[in-house]
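Going by the order they are written in, the chains are A, B, C and D; count residues from 1 in each one.
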Amino acid sequence: MQNKVVKINEACQTIQNGETVAIGGLTIHRKPMSFIHELIRSGKKELHLLTLGGSIDVDLLIAAGSIDRIDAAYVGLEILGFAPNFRKAVEGRVIEFNEHTEYSIMAGLEANLIEAEFIPSKLLIGTDILKSLNYKTFRSPITDDLLVAYPRICPDVAIIHVQRCDEYGNCQINGINAIDLLLAKSSRRVIVTTEKILPTEDFMSVPSSTNLPSTFVDTVVESPFGAHPTSCFPHYTYDLWHLLHYMESSKKGKTENYIKQHITDLDSFEGYLNLVKDDVKRVTVRES
Amino acid sequence: MQNKVVKINEACQTIQNGETVAIGGLTIHRKPMSFIHELIRSGKKELHLLTLGGSIDVDLLIAAGSIDRIDAAYVGLEILGFAPNFRKAVEGRVIEFNEHTEYSIMAGLEANLIEAEFIPSKLLIGTDILKSLNYKTFRSPITDDLLVAYPRICPDVAIIHVQRCDEYGNCQINGINAIDLLLAKSSRRVIVTTEKILPTEDFMSVPSSTNLPSTFVDTVVESPFGAHPTSCFPHYTYDLWHLLHYMESSKKGKTENYIKQHITDLDSFEGYLNLVKDDVKRVTVRES
Amino acid sequence: MKLRKFTSDEIMITCMSREIRNGDIAIQGLTTPMAIISYYLAKATHAPQTTIMQLAGNILTYTKAPPQISLLFNEFEAMRRSVHIGTQTEVYEVIFKRLESIVEFFRPAQIDMFGNTNNSLIGSDISKLRLPGGFGIADVAALYPRTFYYCPRHEKRVFVENVDHIGGLGLRTKSESHQRRDIHIISELGVFEIEHESRRMRLSSIHPGIKIEDIKENTSFEILTPEKTQQTSPPTELELQLIREKIDPLNIRRLEYLSGKTRENALLNILDKELSLTI
Amino acid sequence: MKLRKFTSDEIMITCMSREIRNGDIAIQGLTTPMAIISYYLAKATHAPQTTIMQLAGNILTYTKAPPQISLLFNEFEAMRRSVHIGTQTEVYEVIFKRLESIVEFFRPAQIDMFGNTNNSLIGSDISKLRLPGGFGIADVAALYPRTFYYCPRHEKRVFVENVDHIGGLGLRTKSESHQRRDIHIISELGVFEIEHESRRMRLSSIHPGIKIEDIKENTSFEILTPEKTQQTSPPTELELQLIREKIDPLNIRRLEYLSGKTRENALLNILDKELSLTI
């Protein structure tokens, strides 16, 4: 096992414009926000984004002009409503949006895991979602039934925020897992941002809690509160106030201001945390 | 969640002659031996057995005449050598043996998990193992490459021995996992034998240790030392002495005696444990 | 119209709850407070053996007394009662294996007379309104032997003749595999199902205080009605008490009915209450 | 033949160890003590960043000092150092993702001049000897850019002209995908590889004290030999010390050479020693 710890800007430099970037977490849970900020700060362009359920992560990257294409099964802010920039950009055809379902994303990713060339299934036949995805259909060599060939999805890099890991990238993801293990296993490279880096010895008392092992991880970045304003159980819950504020200003067309003030005018995510320190404090759970 | 606890003979009665029975564990690790004894004691016939790696479990069922067919990637006693009755029965064509690899078993089982009609892959093309399995090949609708269609494998029932579970079948499998989660997910019914049944509350402090949730389990049977003479970490290690003794007597053609003495002449697995109590004591690890 | 002792969300939740059979596996998707309330209600009344999978199904929870739902600490509350932490792939593995036992309530943006649903795009080809997306609805709607939709707002723009984009499959085609499926719709006005023969939406029961005309006025197509309209049994005292006092005293369920500024204010109100109580 | 200061198993383990590159992921299969010793040896010498996956790869372990291997408590020892408990499917997921970094030593029952291997059946069609099976060898042998076999017994019945049943694929076919693979064989007599052009087994280095004739006499086919035969570098003092004193003081590795009653006695001897020490 190798020490894989680097600084966030070093990790971000490994990402090339045009690459397919998979984002972990789900909607407003455990999104790698510090890394999203860094992608914007470093001016990445033409990224293809893949995420099961996106929210402010996707919305910010769209507003910053970092994305060409999104593959997702959902982009919205859950109980809070629509993702304003996502909606505008898709309706205005500024970006390409491939609407997936959970299945079409998972099947494409899982194909890598079992060295399948594709996943042959009957799911989604007859839906307009499948029509839009434009996947091939064919006859089963076994039953002659009509099947969809769900092609492999193989992101260049996955970005996943975790609660804790060691310097080798043995990670303990807690709370809602979404498809983060699947993303890590099927992406060519994996960058993990983590609330805390702990000694490996700490992982050996409960090895069953290490759900993402170092064998799938390439890069580790320490980033406390790195998911704010999304949640990171058990450390802090999602900051619905901050998210509402973001949506309000975005609806008024002021996302540019938000990005300038919270990201590009600052040197680092620490600067952001300092700027919104009252927000962070409000959603932080005392010792958990 | 429902209470799923029954006695071992009740659980065994749910199995019909001729059904495909998947056996958990791996070689000499965590085999559901008390249930194997019960299958023999109750005189089951014409079972089709599926296991990733078998040892005394498979060998005993063959000697008792319970099996028609075996699908496995390995049958042997690891460092101890050949499985004597397995070898004799396969060489003498008394039973049908489909030699699999790890992949051909896992691909067939995983197809169920992602609602794939089969798994299309290039693996094993060119090997005699694939030839013997007689799986169909076809041309990929995407690349036109030659692919194998690994068909779904869907056992009627899986028997898995675990360290602990609650009355609903939330299980914590410890040590080597093999493909037990996969078996549970892909089999129509799942019978779990367990060292201990614990209150559900005990599982809530470390929910990440519950690796086989109740949603996949149908039946729970309490069976302390139920894996002897195979291992059950951290309670007892494999009883290599007992296994050597079994192999020696089997090589001399005396498996019948072993079965009579250890299984069919006794009322229950408790009787067996009493009979071999010194063996059990030798491999039991004090407080772990 | 006589005074109702219960609100629309309460009778809807009661109807949803009653669809759950003892021993079912209930899956909570994204942002569906009424669904999770109905699961807790069922578990506290007629279906104590219900298994509940929360937070997009990832977290398998265990509970004896019905817990109180939260807006701010949704994940924290689920984790407090978790017996197992799964993954999204595992949720699908449970679904594929246990199709007969799964209960899942989806909220469609549009539903049509055949039971097709849409959470993707609204409008004509030229100017489409982009919705967040259906997440997993389209995957499983056609697989479940029993598919459930709930519509807190029974409006013409929700109950449309033909959905603009097909996500969840209704019974539009004649294929036998679809025929065997039951599709149930619970709205603020009544309970409906897709009739197998005609493959059209039919009224099963109308909520107390609602008239057939209310349904007609708020539906873009003709809903089949039986000769004698059955009335939905109202919530019992116990059901109301459980919803109001035990499961959702903060009235989070009302958010499913509100929009715009009203909704935002209600939301902030709940958040402030929760914050003062919990952290 | 001059006196050797090391045994056959020790030079084999040393050769195996040296194939491991710093940062590789080493996978332990079933019943392969020499393989796990070589992984520990590599980690304690030139390749400290080696990742080790034990017990059919299920258990990811962490260790600084090289641990002592066990016969009776194999799983217990692995679990004591485990950082993560995987599953067999996950082992394959690691393999498929990290093909370039994987090291895994397989022990074939037969290997032929093209590098095909067999752990299934020995003999003619009429009377075949049934072996336990290859487990995963056939799955991955053709995938790895570097495939490794070790043969403690270099005998004619192991090194056969054509295997009786093809499990692990050698370079028999001309397909390009196979050509790019390196196949290495380490036996008690020397180190061999399958030459890419001829697709035939070739001697890479001969162990000290072994003559070309020893190899010829114990191989059923002609092994290609270079003009000038290279000698295998013997184990260093440090390597020998680590193997003998730290990693395998119970001499479990010798079991890979023994058979019949001798083997059973050696086995019981080790078991008794372990039992007296550990439980």
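We take it that contacts are C-beta pairs under 8 Å (C-beta built on N, C-alpha and C of every residue); 3 or more make two chains touch, one makes a residue touch a chain.
Quantities reported herein were computed from a predicted structural model and do not represent experimental measurements.
Each step here moves to a touching chain, and the least such steps from subunit C to subunit D number 2.
Counting C-beta pairs in contact across B-C and across B-D gives the higher total for B-D. Using the mean of the Cα atoms as each chain's centre, the chain most removed from subunit D is C. Centre-to-centre separation between subunit A and subunit B, using Cα means, comes to 38 Å.
Once the centre of each chain is set as its mean CA position, subunit A and subunit C turn out to be 28 Å apart. Shown for subunit D are the residues that touch two or more other chains, namely 59, 79, 85-86, 89, 92.
Along subunit B, residues 103, 106, 110, 114-115, 123, 174, 208, 211 each make contact with two or more other chains.
Applying the touch criterion to all chain pairs gives A-B, A-C, A-D, B-C, B-D. Across the interface of their complex, subunit B is touched by residues 30-31, 33, 55-56, 58-59, 71-73, 75-76, 79, 85-89, 92, 120, 127-139, 142-143, 165-169, 173, 255, 264, 267-268, 271, 275, 279 of subunit D. Contact residues of subunit A toward subunit C in the complex are 26-27, 29, 52-53, 72-76, 78-80, 82-83, 86-87, 90-91, 97, 99-104, 106, 110, 123-124, 126-129, 174-182, 231, 233-234, 237-238, 240-241, 244, 282-286. Residues 103, 106-107, 110, 114-123, 136-138, 140-143, 145, 147, 149, 151, 172, 174, 206, 208-209, 211 of subunit A are the ones touching subunit B in the complex.
Every residue of subunit C that touches subunit B in the complex is listed here, in rising order: 23, 25, 49-51, 53, 59-60, 62, 79, 81-86, 89-90, 92-94, 96-98. Only residues 1-2, 112-115, 166, 170, 185-186, 200, 203-204, 207-208, 210-211, 213-216 of subunit B touch subunit C when the two sit together in their complex.
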